[in-house]
Every structure is written in structure tokens, then in C-alpha cells.
Amino acid sequence: MKLASDARGVYVIAPTPFHADGRIDESSIDRMTDFFLEAGVTGMTVLGQLGEAPKMEHGESVSIVKRVVGRSNVPVVVGVSAPGFAAMRALTQDVMALGAAGVMIAPPNTLRTDEAIVQYYRQASEAIGGDVPFVIQDYPLTFSVQMAPGVIRRIVMDNASCVMLKHEDWPGLEKISALRGYERDGSMRHISILTGNNALFLDFEMERGADGANTGYCFPDMLVDVVRLSAQGRRDEAHDLFDAHLPLIRYEQQPGPGLAVRKYVLMRRGVIASDALRKPGAALSPAARSEVDYLLARLARRDARARV
Amino acid sequence: MKLASDARGVYVIAPTPFHADGRIDESSIDRMTDFFLEAGVTGMTVLGQLGEAPKMEHGESVSIVKRVVGRSNVPVVVGVSAPGFAAMRALTQDVMALGAAGVMIAPPNTLRTDEAIVQYYRQASEAIGGDVPFVIQDYPLTFSVQMAPGVIRRIVMDNASCVMLKHEDWPGLEKISALRGYERDGSMRHISILTGNNALFLDFEMERGADGANTGYCFPDMLVDVVRLSAQGRRDEAHDLFDAHLPLIRYEQQPGPGLAVRKYVLMRRGVIASDALRKPGAALSPAARSEVDYLLARLARRDARARV
Amino acid sequence: MKLASDARGVYVIAPTPFHADGRIDESSIDRMTDFFLEAGVTGMTVLGQLGEAPKMEHGESVSIVKRVVGRSNVPVVVGVSAPGFAAMRALTQDVMALGAAGVMIAPPNTLRTDEAIVQYYRQASEAIGGDVPFVIQDYPLTFSVQMAPGVIRRIVMDNASCVMLKHEDWPGLEKISALRGYERDGSMRHISILTGNNALFLDFEMERGADGANTGYCFPDMLVDVVRLSAQGRRDEAHDLFDAHLPLIRYEQQPGPGLAVRKYVLMRRGVIASDALRKPGAALSPAARSEVDYLLARLARRDARARV
Amino acid sequence: MKLASDARGVYVIAPTPFHADGRIDESSIDRMTDFFLEAGVTGMTVLGQLGEAPKMEHGESVSIVKRVVGRSNVPVVVGVSAPGFAAMRALTQDVMALGAAGVMIAPPNTLRTDEAIVQYYRQASEAIGGDVPFVIQDYPLTFSVQMAPGVIRRIVMDNASCVMLKHEDWPGLEKISALRGYERDGSMRHISILTGNNALFLDFEMERGADGANTGYCFPDMLVDVVRLSAQGRRDEAHDLFDAHLPLIRYEQQPGPGLAVRKYVLMRRGVIASDALRKPGAALSPAARSEVDYLLARLARRDARARV
């Protein structure tokens, strides 16, 4: 089951559940995996930035992938971004052998010119092997690398194994329109575009041509609904549901505390046992927790899933 | 009427209205000034980043301040950030002579260490004169300068003329709590904290101790209401109104197209005659305009002011 | 006398001499202008980054240009970089009317993609007028903007009035070779390439195809000699002279204190009356001064001009 | 043999020798280790930035350390910088068990405020264990993190196991003076300061109070001589030797091609078998090679070691 360019729906970004002391919590991984499948996701991405990937040792990373792949019946994509190609290749080989569907690669934050970005992905693809499907992660806010639409087109056309864009540029709506325009004018083959950035613009991204979401908002079940409603053309219903969640989406999208918010809500929803982050990574303040509780209580008036 | 540290309410950030050909539109300035006053703002800030200040010649800047000050009965703050102190001092002297209440200063994006930031504000205050009240603009997303709470405290304690913080760090809630904590423990005198970043977190910022808003969202009348409701402890009502606007707030908060959105809505509300930006600055795409129209139509169901 | 693409030799970057209290020192400007002409420069650039341009008011900038142009018989280029096009156009019009030969434009440090850089120069040229010759300043270390050789080619081919590159990328030797390669393969018309970065690589830059230097090292007379020797193919002599100066070149090339070093040596050489910088800008420490004195004493054993 | 705060002399930064196909070249490692010892180094640092550490897999890193430690009779420091503490701790434990003398830690390039930097080193030290001596790598040009002298003092005073500063800030002379001033005024305990940045300012750094060099310039034997001469107060001789090498030092100090220059010269000196870099990493152009050859030929007139 390899990742392909016709992927759609919700590829949820999975956090990594830890015990309070920082050890990986395997039974929470299992419960979380089941929860995602019941929520209707069409894929999962593990070991992304918000999966705390850089805090994991190689062996731990492999064991997480093994556990999730073994329990899922949907494609599992693995984040393999690394400062060097040796570690990237090593992790890719191990996880593809375990049944991963493909890998996700973010650019190192030192890249500046268009040519440097294009060349990086060419070398990365060569390093992991041209048969391994890969996802471009386009997240300038975190990685400081700006990819113009024409650069993404060059990467797509250079590398047959590039099948998906994790789109989280901000602002980003015109970028989706530009890329779909390239497909229409025949200058770029079709790729799957799934959007991230905690779904802050998912409502309009779907209307601009996205195929779904690739993010980890604490209500992936809502993401599944919005993507479905939007794909069915039920615009107002999609926005109504989305807007009800927007106050919490916005709160969780904050860089820094966002992941702690996500884990806290997943804990309150009974999905994971603890909201602990590995160091370095701060816990929510009591004030922040009570703000999240308030947002959940308000949301519960419009979406019963928020009654926790 | 000089700006003081007990300022509260809404200091609206005023855009600069242009004719389609880029000339300053003076009658729109007048209409906009009146509109702000009717909306209940307690102050105005002109020539900020979103007032397109860097695109103005010195003489133009002065004429705008003269016009707004002459028509207002509330304090007018003027953005005077500049690459060098000579231009900053020149503009400050001219606008204070015209009756401005104070000035706003953003840090140059080359500053890195705590000490360098503190020293910059000391030199800036010396350059403009210790009798001119000033506002710190703390907006790392745009200026790439991170000011820890302790750095803001040092600036406040170093400079008696520092009376306000335009708080738009992101995430920023804990920063407000930290600064108010300094006031409580006696290590920092009181300053006014008004929040920006297009009000994306105004609901909770008020609850953390902010004195109001200092931003230019296209419904300043809503900002006035939320600040009032929150100050009165009518929490749910404040959130209800805020949440109704959040889909549009989020859309307008996008760096880049955000100002075009703001001007487009103000034009549709009849406040300014044209939504033109000076170059460099792109117009909204047709797709973006229709998205804003859709957001306004949805908002109108819950706030009659959006019926445009 | 307009700047043209066949410019060669040394366009010295002129500092702005101040009195100790920060006022412009006009008689030092005159003496410095004469000194440059006697040193054999073929042009001068005023109001660059190291001319402390951002610390000047508009009127001051104009008066400096007037003074230098009035006293010189070589082309005078003026730095007009500004955060917005209004100020850039205003200064350009004023200085061209006074007889400047052209202007120099650095990119704002927010530009990221190739397309954004190309577009910026197109808009800038439109703003100042297509009849005004301009110089691209390519200095990533200071401006954080990386221009690939292909981007420079696009700017040159887009804008007939682009006649010169102030090359100070680092590393930069391969960039000169690439640009001259474009000229040879017919994909780019010829432009003048003068190199900056305090001449740290002038020896090899000349051999790679540069037309000369465009920098402000405190011995412009040495730059003139090295450019001449290199153009005459007297390679070893060029390197011998260059190497004798390299310890001081390196010391002066430091970002931050570099300008203070330059002014200190020019003062010791009797060219300007004071080594004062405008604020913000620190003086040399006593330790640094004595290090410069030591370097001068060592240099004097091999170049009599260093006997000060 | 643990690293201590009285370390002095030259801790050479070792490159990692590869075969042309990218495999580690073990016999070159041995030859290089012997060469360094014969050159008179007092320590070695492996797996630094210019040891291509991020391109290595964990197992490879460990094997390199094992080989070098097993062959040396001087302290071996290991670069363990990593995006997360898990990998940092894992590598530290493995190499300390093999007999490494300490580790070197560079800050992640996302750190901004003073407090964030101080906290990072506190957490890093806790992660690797308070009994492991560590070196602060202060290299803003590469890591984008600015550490004020006061921040280094805080790290030193917070962590008893912090014993050395690899000083490569630029400009950096005043920083050495400031730190030694802290020691004199009793506000900071003594640490070893060894300087990097390819020795571009080694001549004056020694005079400001550095204890030696910690860099990988292709003539470590020259570094040993300059450090010795300077420590003996033979100022002119130290500068004479240093100046003879400066044209090549400057050429090798270029970010990007610098490492290829270093490996090329070490290959020409017979120390390593190939100048290959692992991908991503470009080879020298023919023009660059001939420039280095020319610099070596010129140097050979003054230092016989350059006759290769």
C-alpha cells in the first residue's frame, strides 16, 4: 500500500504519547490509532514536527512506526526530515521495510534560493531511493523556507516519486489556486494537496482545490466531517461546523503551546493517558488549561463530541 | 493631551486611504476619522505598519497626522519607526508639534540580544526626547525581534516616557500574565497594554489583563463592544460576539493580503472610497474577494453591522 | 555623465564625515573628495550602508550629494535604498537633478523567493524611472537576501537601466564566473561588476572577471593599484601588494566595528577630521585602536602610505 | 582524562575523511590522527559541523570516536549537537564510555532571548548528565544565535560542567576581553577559551586572552606555532607567521566551499587520501583548485610546510 497522488480525505498528524516520565506510552499509541480509524481518517502521518520526532532516538522512531503500521488499515506516512541524508536514508529504509506508505520531507532552514530548494529535494529523493513516495512539507513559518508555486512544480516534475504536498504556507489560498492552475494548463502533473497549519483555513482550502487535511487538530473527527461536507458541495454546513471549532482551532494553532493544547484535549477525550511532552517542551499553565476547558464547554453546545 | 500609562479601550490602527492612482485620499481620511470616533474608539494610531507608513514621504506623513489630529478629540499616536534616529526624531518633532499624543517605535529587525534591545530603546528615547511618550511595538512575527517579558520590564524601568505596550507577540497570553505579575510584585510600574495582531486573541487577552485593543480590524465597533463587555465581566457575551467575527478576523489577520482585506471591507462599509494599496502591495484576487463577501454574509446573520 | 555598463576601476564607497557632536563635517567632505580623486578612483558611491545613509534626514542626504558632485569630475552613484518606493523616488529625483550618475538599490530583507526579488527590482525601476541607471547591491550577509546568478540575469534582462552589480556575496567567486559565463553564452548582456565586502577577495575577484572594486577600504589608493596591476596581468605584483594589506583589510571588514576602523584610519591619514559615527554606532575601544595602530605600523614596512 | 577549564593550546577540529564513494576512510582517519599529534595539538574535536557530523549515522559516529580515541594520547572532544535531547544523550553516553574527554554543544537556531539560551544549556546539561564536561559552541554566523557575554557567564555559573568556550563570534575580540574581565572582577569562574572561525583573528584573539585555537585550518602545525609564539610574548614573530598564512586562511574560511578547500590541502599534504565530501556538499571547481594551488605556492616561499 504505497502513497499515491490520488490520496484524499484526512491524513491525521499523530502526536507521540508519552508517560509522565518521558517514556513512550504504547497502550496510548494503540488507543489513539484505533480512535483515528474510528474517526474516519484515510491515512496517518507519524513522527512529524508535532510528533516530537527530533526528540526520539532512531530505535524509538522505528518502534512507533511498527506499532502504528501493524494496527492500521490505512496508509501510514513517516516524517524522516533530518539534518543529513544518512539519517534520513536509514530511517526511510527501516520504516518502508515495516510497511510505511511513504515519507515526508521538510527542507532544512538554511535553503534560500529557488535552485537550492529544487536541488535539495532531488538529492533527498536520490538518497532515499526513487521508489519511495514522498510528501513535500511546505511550512515556512517553522522552517523559514519559502517555496514559490513554481518551485513546487519543479520538484514535482523532477521527481516521479513526489506524490503529495503538505500545504501549510500562510497565507496559502492563492498557492493552492496556482498549483491547481498548473495542473489545468498541463504544466504540472496532478498531486495530492492536503493542508496543515492546524486547519486554520481548511474551510476555504477545500474550496480552492485541496484534497483534504493533513494536520493533528484534536478533533480529527470534525476534520473528516468538514472535508466530506465540502467535497459534497454542502458549503454552508461545512462552514457552520468549522466555525464552531474555530475558537479552539485558533487556540491550538499557536506555535509553542499548541502541541500541549492538543495533547491536553486528547487526554480529556480519553484518547491518550497523559498530556506530557518530552523535554524541551513546556506544560500548559493553569490559566491556559482553564481557557481550553472554557473553549471546550462552549464548543459542546454545538458539537456533542466536545462534552468531555 | 499626552498619551499616558492609564490608557484603555480601543486605539484603532488607521489605514491610509489612497485613490486608485496612489494619491492620498483626504476626504476618505476625514470620513474614516469620523467613523472611528462614532464607533467609540478611545484613541487612534496612524502611520503604523498597516498604515503603509514606509511608503510615505515625510511631507505626506506630516499632512496625514495634521488632518487626523485636527478632526479628532481622542489621543492620536504616530508610528515613527525608521532605520535611523535622524528620520525618527524629525518626524517625531513635526507630529508632536501638530498635537500628536505620543509615538510608537518598533525595533529594527537586526537586534538580537536582550541588551541590544534595551539599549536601542534607550537611544531612541534619547533621540526623540525624554518628554515624548512612546509605545513599544512588540511584533516578532513581522520584526523578527523577540522581547522577553524581562526585557520589556527593563525598557519600562529605564524610560519614564514609555507608557504603553502594543502587544502582538504570538503566542502572547502568558506574556501579558507575566507583565501584570511584575506590576503586582512591584518590580515594574504600571503601563497600558493594548493588544494587536488583528485581535486574534482579544477575547482571552482581556481576561489576562490587557487594557484594550490596538489594532485595525475592519469592525472597530466590534472591538469596542468586546473590550467593554469583557471589562464589565460579561464573559460569555464578549466571547459570543467575538466568535461571530472570528472567521473574518482570522482571514484578515493573514500577513500580506490582510491589509487588502481590511481596506476592501472598509470600502464596502462605505468608510473609504477605494481599497487601493500603494505599491508594492497586491490587490485581492477575485476568489479572495468572493470569500470575504461570503464571510460578511455569514457574519450578517449574527451582527447587523456586517450587512453591507 | 550617466553611469554605464562599461564602468571599471574603483568606485570608492565614501563614508560620511561627522563632527564629534554628530553634525556633518563639510570641509572633511571636501578634503575626502579631493583625496579620492588624487588616489585615482574612477567613481564614487555616497550614502551607502557604510555612509550611514539610514541615519541621515532627506535634506542632509541631498546636501551631501550636492557637495560631492560639485567637486568631482567622476561619476557619483547614490545609495537610495529605502523601506518604501516613495522615499526612494523622492531621493532619486533630487540627486539626479543635482548631477548624480545613477543610484544603488539594495533589496529589503523580507524578500525570499526568486520571483519576489525580480519583481522588487522591476517595481523599483518603475518607481525611480526607467531612465535612471541603477546598481544592484548584492550583499546577503547584511540584507539576508540570496540572489542566485540566474536571478541577477533576470533583473538585468528585465531592466535596461540596470548597468552595474555591486558584488559582495560571500562566498562569491563562482558567482562572478557564472555571470561572465552568461555573457559569453549570450544569455545576458554585459554589465559592470565591481566588488565590495571591503575587498576581502579582490585579488581573485579581478581574475574571475570583475571590472574593479566598489568598496571603502581605508586605502583606496591601494585598491586602485591592485585593480590596475591585475588588469595589466601583473598577477604576482597584484597579490604582493594585496597580501601586505590583508591583515588590515580583514580587520576592517568586521561587521559592526568595521566602519569605525575605516574612519579611524582615514582620520590618522589626515583625510577626515574626526572618526565620529552618528548614533547608534559605537566608538572603537582603546584595545581596538592600538591593534589598528599595530597593523598600520606593520603595513608601513611594505607600503609607505601607511606611515601616518 | 576529562576535559577541564585549564585546557590550552590547539584543539584541532578534525574533518571526517571519506572515500570517493562516501564511505568512511579509516586508514585516513589513522594517518590524520597521527599527523595532528605530530603537529603538537593538545586536543582534538571530532564530529563538529565541519566534521560533517549531521551526515553521519549514529553507528558511524561512534566508530569514528572509537578509532580516534584509541589512537590518541590527548583529550578528544565530540560534537553532540542534535535537534533533540534524546539523540544528544545517546551519543554522549556512547562516546564518554569510549573515553571521550567531553562534548561540544551548539544551540539550535530557533533560540532567541537570553533566557531561552540559558535554559537550553541547563536542559542540555541535565540531559547528558552533570558529570560530562561540555563546551559551548558560540558561532552566530552558522547558528543564528547571538550570545551576549552576560549569557555565557550565566551558562558558566549555572553549570559546573561547562569548562570551555569555542569562541567563534564575529566580530569577537571585545567578547574575549569582556569574559576575561568577568573573571578578573570575580563574577565568573575561569573557563578555557579556544577560538574558531578558521583562525581568522587568532593573532589578536591570543592577545585578548584566548587560551588557544579550536579550529581546523589545514595547517594545524602553524596554529600550534602561533599559539606558542604568542604565549611566549613573541608578538612580531607570531604575526609574521600568521600573516604569511592569512591569504589561505581567508580563502578556507569561506562558508560553503571552505571545507572542500581544507580537505583538498590536507589531501595535497598527504594526510588524507581523498578530498571527497559526503552529499550534500559540492566539490571545488577547477578554478578554485588552481587558486588554492597558487596560494600554496606563494605560501611556500615563506613556510616550507606548504611545499606539497
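Read from first to last, the chains carry the letters A, B, C and D; within each, the first residue is number 1.
The criterion applied here is as follows: contacts are C-beta pairs under 8 Å (C-beta built on N, C-alpha and C of every residue); 3 or more make two chains touch, one makes a residue touch a chain.
Please read all numbers here as calculations on a predicted model, not as lab measurements.
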Notebook entry, point to check: Copies subunit C, subunit D: same or different interface, half of numbers shared as the threshold?
Noted result: same
Check: Counting C-beta pairs in contact, does B-D beat A-D or the other way around?
Finding: A-D
Notebook entry, point to check: Between subunit A and subunit D, what is the gap in Å from one C-alpha centre to the other?
Noted result: 38
Checklist line | Between subunit C and subunit D, centroid-to-centroid distance (C-alpha), Å | finding: 34
Note to self: What's the distance between the Cα centroids of subunit B and subunit D, rounded to whole Å?
What the structure shows: 47
Item checked: Two or more partner chains touched - positions in subunit C -> none
Item checked: Footprint of subunit C on subunit B - complex, ascending -> 52-58, 60, 82-87, 90, 109, 119-120, 123, 127, 278-280
Next item on the list: Can you check the complex and tell me which residues of subunit C touch subunit D?
Entry: 170-171, 173-174, 177, 200-201, 203-204, 207-208, 239, 243, 246-247, 250-251, 254-258, 285, 287-288, 291, 298
Notebook entry, point to check: Which bits of subunit C are touching subunit A when the two form their complex?
Noted result: 112-116, 140, 146-148, 150-151
